[in-house]
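Chain nomenclature is as follows: A, B, C and D, assigned in order of appearance, with residue numbering initiated at 1 for each chain independently.
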Amino acid sequence: MIQALAEQGTQMMVVLVLAPLLTGYVRCVKARLQRRRGPSVLQPYRDLQRLLNKEVVLPETSSWLFRAAPYGVFSATWVAAALVPTFATNLLFSWSGDLIAIIALLGTGRFIQALAALDVGTSFGGIGSSREVMIASLAEPALIMLVFTIALIAGTTQLSDIAAAVLSPTLGLRVSLALALIGFVIVAIAENARIPVDNPATHLELTMVHEAMVLEYSGRYLAMIDLAAALKLLMYASLIACVFCPWGLAPPGSTLARTGLGMAAWAGKMAVAGTALALFETIVAKMRVFRVPDFLGIALMLGLLGTLLLFVSRSL
Amino acid sequence: MTGFGITGAAIASLATGGLDPVAAVLLVPLGASVLLAVLPGYLWPSRLNVLACLVALLCALLLLWHRPPAGDYLMIDDLNVVFIVLNTFVGFTTAAFSASYIGHELQTGRLTLGLLRFYHAMYQIMMFGMNLALVANNIGLMWVAVELSTLTTVVMVGIYRTPAAIEAAWKYFILGSVGIALALFGTILVYLAARPVVGESAGSMVWTVLISRAAGFDPELLNVAFVFLLLGYGTKVGLAPLHAWLPDAHAEGPTPISAVLSGLLLNVALYALLRFKMLLAANPAALAPGPLMITLGLLSLIFAALMLYRRHDIKRLFAYSSIEHMGIIVFAFGMAGPLGNFAGLLQMTMHSLTKSAIFFTVGHITQAKGTQEMSDMGGLTETHPVLGWTLAAGIAAIAGLPPFGVFTSEFLLLSSTFDRQPLLAAAVVAGLLIAFGALLMLLTPVAFGAPRGRNAHVHASTLPIFAHLALVLTGGIFLPPALVAWFQHVAVLLG
Amino acid sequence: MGAAVPHDFAFDIAHMLAGALVLLSLMMLYQDRLYALINVLALHALVLALSVAWQAWVHDAPHLYITAGIALGFKAVIIPMALRRMVFRLRVHREIETVVGTGLTMLAAIALIALSLQVMLPVTEGVDPVSREDIALALSVVLIGLLMMVTRQNAVSQVAGFMSLENGIVLAATGAQGMPLVVEISVAFSVLIAFIVIGIFLFRIRERFDTVDVEALDAFRGERG
Amino acid sequence: MTVPVVLGCCAGLLLLAVAAGPVARSRHASPLIYGSTGAICLLVCIAALTGGDDALVLPVGLPWLGAHFRLDRLGAVFLALIDLGGTGASLYAIGYGRHEPAPRRVLPFFPAFIAGMNLVVVADDAYTFLFAWELMSLASWALVMADHRSADSQRAGIVYLLMATFSALTLLLAFGLLAAPQGGYAFADMRAGALPPGRAALVLTLALIGAGSKAGLMPLHAWLPLAHPAAPSHVSALMSGVMTKVAIYAFIRIVFDLLGPTTWWWAVPVLTAGGTAATLGVLHALMERDLKRLLAYSTIENVGIVFIGLGLALAFRANAMPAAAALALTAALFHAFNHMLFKSVLFFGAGSVLVATGERNIERLGGLTRVMPVSAACVLIACMAISALPPLNGFASEWLTFQTILVSPALPQWGLRLLVPAVGTLLALAAALAAACFVRAYGIAWLGRPRSACVERARETDRFSLAAMAGFAALCVLAGLFPGLVIDALSPAVQLLVGGRLPSESGLPWLSIEPSADRNTSYNALMVFVFIVGAATTGWVAVHRLGTSAVRRAQLWDCGYPGLGPASEYSAAGYAQPIRRVFGPLAFRSSETVMMPPPGDLSPARIRKHLHDQAWELLYLPLCDAVLALAELFNRFQFLTIRRYLSFVFLALVGLLLALTLWQ
């Protein structure tokens, strides 16, 4: 019991602490790919530190919701991240939410964020918020479709069991899983406001989505939001890892060494994911906002296709 | 001569069986008409008119308990006992309504005192004619009575002497006469069919005799007869395409007469038709009149429903709605079966109560607004709350919405029809919806919205209206067992 | 009295009279002058009176004499006179405008006669031959009368049509032997016709039934909008 | 003993309605009437929850039948739902009713409306059922006509009453089929009798049309967005939150209870209708600017979600999979209950806004959170609940629906196996769009800067209204945190209808819910909530420990353009534009035209968007045109000459004689 609690606690802390690292790592790799030296991997931590020590400049038009929102976004994202098995399965509280619940939790975060963007009553907040909900309204069905595919294979939406099912020898290599993987990646890119859907580094009003929502934030609030974004990225990475390559996940109640092994495996996967993301972002260009639906439509199609193929293979 | 014969019979029965309520129901209006023809002034004649109708009603109510045996000329049975009571009742309430209505007409000078005498006398004669048609035990006599009521109503429709009124009366008169003639031909054929069985005697046109021996009649001859009767009496019922007289007669006559026309006269004609339908039902070999009645009924329903949309004149609107309901009723009897016939009878009762109540309301509204054009009325629920809301209630009732009685009959009709003839039921539903849509579209601005037109104060005699609506309401919630028993018995006889 | 007449002879006479009625109806259709029409109408009523009287004589039903009398006095004399006066007074011009050509109406009338025979004869095997004939021919008279009312655009000729229709019905009523209330019915009908004629006088209905005063009517019929 | 109590209460309500007419003028009438209505509703609610099954026959109604009343578990569930909603609405109205311009047009009909809905649920024969059904429609129609001078209300009233009659007649036909020719109108007889498959399918269709048009399924929804907003807000809450549920009850009663065994393909139309309504409804809501119309459209969406659940239940029931069927039905009922809660709060909020600002167009609102903080908080909770966000109740029910969809691969029929995932996608789409819709609604109306002067005048609403809103918002939270309790409360009804039930949830550790025993998928709202609160506090504490907590109020930065007026705020139309671009062409055949001034011309460029309500344009308008054209055609018969009319008689006679001769 104590150990389980400890595992859960460590997992939560670990994701929280390591989230900025992944972001920093991605930036660093990108810089290298662009033949720049770029900031150090630890730069995000320094940014957080700086933001925390700055005073908050609060628009006088803002209401209580504006101030509460960052904590809401942060906590929702963090809980979602905490429910994803990173280095160990069957964590103590893993049953308190399945894949759908995790998606919905991220939805909660997005909801609050979009509201906060409207709260101050600027045109930029409006732009970002409306684009955000448009993207989400397409990403969510796609995600559900993918979840459906996976659930068909694993027979459940509980992540630990999905991991176990994918690991089980009975399940051979499946086309639909590959399709689901691609779909998942597309959705993850869209949800994390990465290129080509959005550019985390731009402040061009025509292009920005996520950044436009948080323009008015400063100081510790901005810190919370950035941390939440980083958490989200890490969460998606580990979600994909846990669903599509769950190797090395430590079973419940395993020894410290086994847990350590799990940690190492997870760190490896994250590194691979980060590198892949950086590579992808360097080779593709940002697309126009109204091309995004087509991009996400691909994910939806992939989900449906996966389901159909699965039915076919089942019926054989 | 006819009247003579009947009077004789009545007197004879008076001599034999003490005060025979049946005879009284006929004699009271006759006597009253004579009195009213000579009595001058407004106040007393109108009161006498009401009183006479009240007495007739009381006599009719006596029939509910003590039912005299059927004679050669008159009879009371489960079918007509209800309608005679209904007839006298609506006659009474209409008289009460007309008392206040006519008063207003005198003030506005649309009627003179001389015309008033004529009006009251004719009113009583009309009541006499309709009562006679209902209690007649002789198909020839019934025919004469129906013609009598036609003639009286014709002159009353034309009483305003406006070109429109005269034209309406004329149209009514001509079409009615032709219809009557056809009905008579049918009656003769029925006699021909009966003669070989019953033999040449005075009894060979007596209804009770006919129905008891009907099984032996020549079926083909009965069929031909029924065609003539359907068209003849159907003209008076107002079935499309024989309906043409009805809307104008309703629109141009005094409103009490519109109420009587819709509430009673159509019923009387329909009653005559039912009598002959019973004959056919009693004769196994005769072809079922169902298809004919269903066709005419549906035709009238749909036709009237569509005609509603383009109306400007509120009275003509409700006249068409009467055609629509007659269509439903005839359809119901055409569908037959215990439920269908029961529904038809109930619809007849409820419709006459509701429609006359509506015409009472409309009468007062037109007097308050000084016009019959719906475009000049509006926001009645604000300016005349009582009239406005009673109109709304009346529309709900006539449209067959609960808690009113029409709902019961339409419920029975549709649910029993759809099981046998889905398409026909669907057609009826379509007709009902079309009609209801028209009523809503045209009357919502009349009852609601911003007030329009002039708002004269009017002494509305609301008691008759409320009495009718209350009865219709009870009909929707609780039907007295005796009534149900009679209707069920008649429904069986109707086949 | 009477009643000693051999049956077939009685039948022949009745048959002849009824046939004559139908013939007269056809002649009415054929007329194109109002006065001539009225004459034929009177003749029609006369023949009716004869046939009713004959029925009364044959079946020794005295009350039918009343009906015959009415037919003779009222329909064969009074009404035609009234109509003549009307034509004179109202200055109805003497032609009869027809809706459908005379020839066509004649054909239609023939067809109607055929129809009525076709309808009636098969269904009346049960009844005795006289009534059978009478009823069938009466129906054709009725139908022709109705046809006349619909194809003539002239008040007088429409009255004539209605009267011939009504004659047909009386013929049927008397033909159906032993039918009670025949007298009452014929009385009632006479009242009806009287009403019509009076009405025409009263309301000065010149050309057609449906115009009392055309200009006045458009106002009230104006639910076109 | 329950049914007599309920009937007594209904009688009481009707008496109130009668009494309300005369006294409505007086100042104390409205609190009195609403107060007693609320009390009676509460009483019925308690009776429904505590009482047992029981039946009663009164000697009224159809003569040889009598009026049958019966309360079973299903009825009890809906009775509780109705009267809970009724209580809330009455409580709200105690305060809201003061602002009523014409109380005489509202007070008498409000209790009658509630009485009608209650009677529908306890009715046990077709006549009584339809009687109560029409009573409900009529009373609500009168309430829609409350503001009778406005042309919109009149139009709404006409369309509404017509559609209501249509649905009643359709149900009447359905009952006509169910009652055998000898007229067994009592529900007991209908249950006993078995129908041939063809007729059963016909009954299903009729029930779907009849109940669906009342519940607002597309394309029979046309009356709903007109009528619900036209009524006073507490009535809108009742119509949207409760009356649609009565329609759903009617569908369940007929299809699941009276109709007997089901065939698998019956699920197809229900699922399709549900999916369409869910998606199109929320898309319409997204395009809407009128706050109450927006809510009405979102009602259509939620009804669609409920019908998806019902369709799934039918599918599983037909394949004898009671556990899955129970899951689906539970999800549907649960969502119906939730929708009653949050939709009521939302309409209450809309009403408060209307009272405070006199404005329903969200383009002219904004910044209400500062002037009406409590209402703002309640409405925010409701918005999050209706957007299906954990840990609130909306998510709990939609989560159950998704779980049902995940069971669907077990279905044997290919058609269903392929249809259900598609419907699932539609459901997810609807959920995401709902979130977008309510971000827009709340963000534009309540947040940001005031867009018009009407907001400055605004004040917080009275305490009764606040109590009603806060109470229901709290219920939203509770039902979200302890879904197990609700599910267990629904189980008897589910058991009754599909012969299976969910495993008892109250036994599970930490009150988590687990839809099916074999697949250990679970969701624990309470735990998630605790986690979120914990995380938030941790974050807050940590931040204030590690960094400063200094705050400086300053002007908007606005990307370097401060001092722009509220006109520069994002408008509701602009907010919906991206989604309109994506879904509009399909859903509304929408198009945009931009009018650019020529170079050098300083006049502003204009953009005009064209949206088409396809239901109107493809179904209703053609119908109306056809009827009117026919009317025009027939109207000629009014103006013929007597001779022509006579010729009709003549032709009819000849025709019939010919027919007769040919016949014989």
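The rule we apply is simple: a contact is a pair of C-beta atoms (placed from the backbone, for glycine too) under 8 Å apart; a residue touches a chain by one contact, two chains touch by 3 or more.
Every value quoted in this text rests on a predicted model; they were computed, and no experiment measured them.
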{"item": "Count of contact steps on the shortest path from subunit B to subunit C", "value": "1"}
{"item": "Chain labels contacting subunit B and also subunit D", "value": "C"}
{"item": "Most widely separated chain from subunit D, with each centre as the mean of CA atoms", "value": "C"}
{"item": "Leader among chain pairs (count of C-beta contacts)", "value": "A-D"}
{"item": "Distance between chain centroids, defined by C-alpha means - subunit C, subunit D (Å)", "value": "69"}
{"item": "Interchain centroid distance [CA atoms averaged], subunit A/subunit C, Å", "value": "100"}
{"item": "CA centroid of subunit A to CA centroid of subunit D, Å", "value": "35"}
{"item": "Separation of subunit A from subunit B, taking each centre as the mean of its C-alpha atoms, in whole Å", "value": "79"}
{"item": "Multi-chain contact sites of subunit B, meaning residues that touch two or more partners", "value": "170-171, 174, 178, 220, 223-224, 310"}
{"item": "Shared interface positions of subunit C, touching two or more other chains", "value": "119, 122-123, 146, 149, 209-210, 223"}
{"item": "Touching two or more other chains - residue numbers and ranges from subunit D", "value": "635, 638, 642, 646, 649, 653, 657, 660, 664"}
{"item": "Every chain pair in contact, whichever chains are involved", "value": "A-D, B-C, B-D, C-D"}
{"item": "Of subunit D, residues touching subunit C in the complex", "value": "635, 638-639, 641-643, 646-647, 649-650, 653-654, 657-658, 660-661, 664"}
{"item": "Subunit B residues touching subunit D - in the complex, by the definition given at the top", "value": "170-171, 174-175, 178-179, 182, 220, 223-224, 227-228, 230-231, 235, 241-242, 244-245, 247, 287, 292, 303, 306-310, 337, 339, 379, 381, 396, 399, 401-403, 407-408, 411-412, 414-420, 422, 425-426, 429, 432-434, 436-438, 440-441, 444-445, 448-450, 476-479, 481, 484"}
{"item": "Subunit B contact footprint on subunit D (complex, rising order)", "value": "59-64, 126-127, 130-131, 134-135, 137-138, 145, 148-149, 151, 154, 157-158, 161-162, 165-166, 169-170, 172-173, 175-177, 179-181, 183, 185, 202, 627-628, 630-632, 634-635, 637-638, 640, 642, 645-646, 648-649, 652-653, 656-657, 660, 663-664"}
{"item": "Residues of subunit C defined as touching subunit B within the complex", "value": "119-120, 122-127, 131, 135, 138-139, 142, 146, 149, 162, 165-166, 169, 172-173, 176-181, 183-185, 187-189, 191-192, 195-196, 199, 203, 205, 209-210, 212-213, 216-217, 219-220, 223, 225"}
{"item": "Complex contact set, residues of subunit D against subunit A", "value": "366-367, 369-370, 373, 380, 384, 387-390, 395, 399, 402-403, 405-406, 409, 414, 417-418, 421-422, 424-429, 431-433, 435-436, 439-440, 442-444, 447-449, 510, 512, 519-524, 527-528, 531-536, 539-540, 543-544, 546-559, 564, 566, 568-570, 574-579, 581-582"}
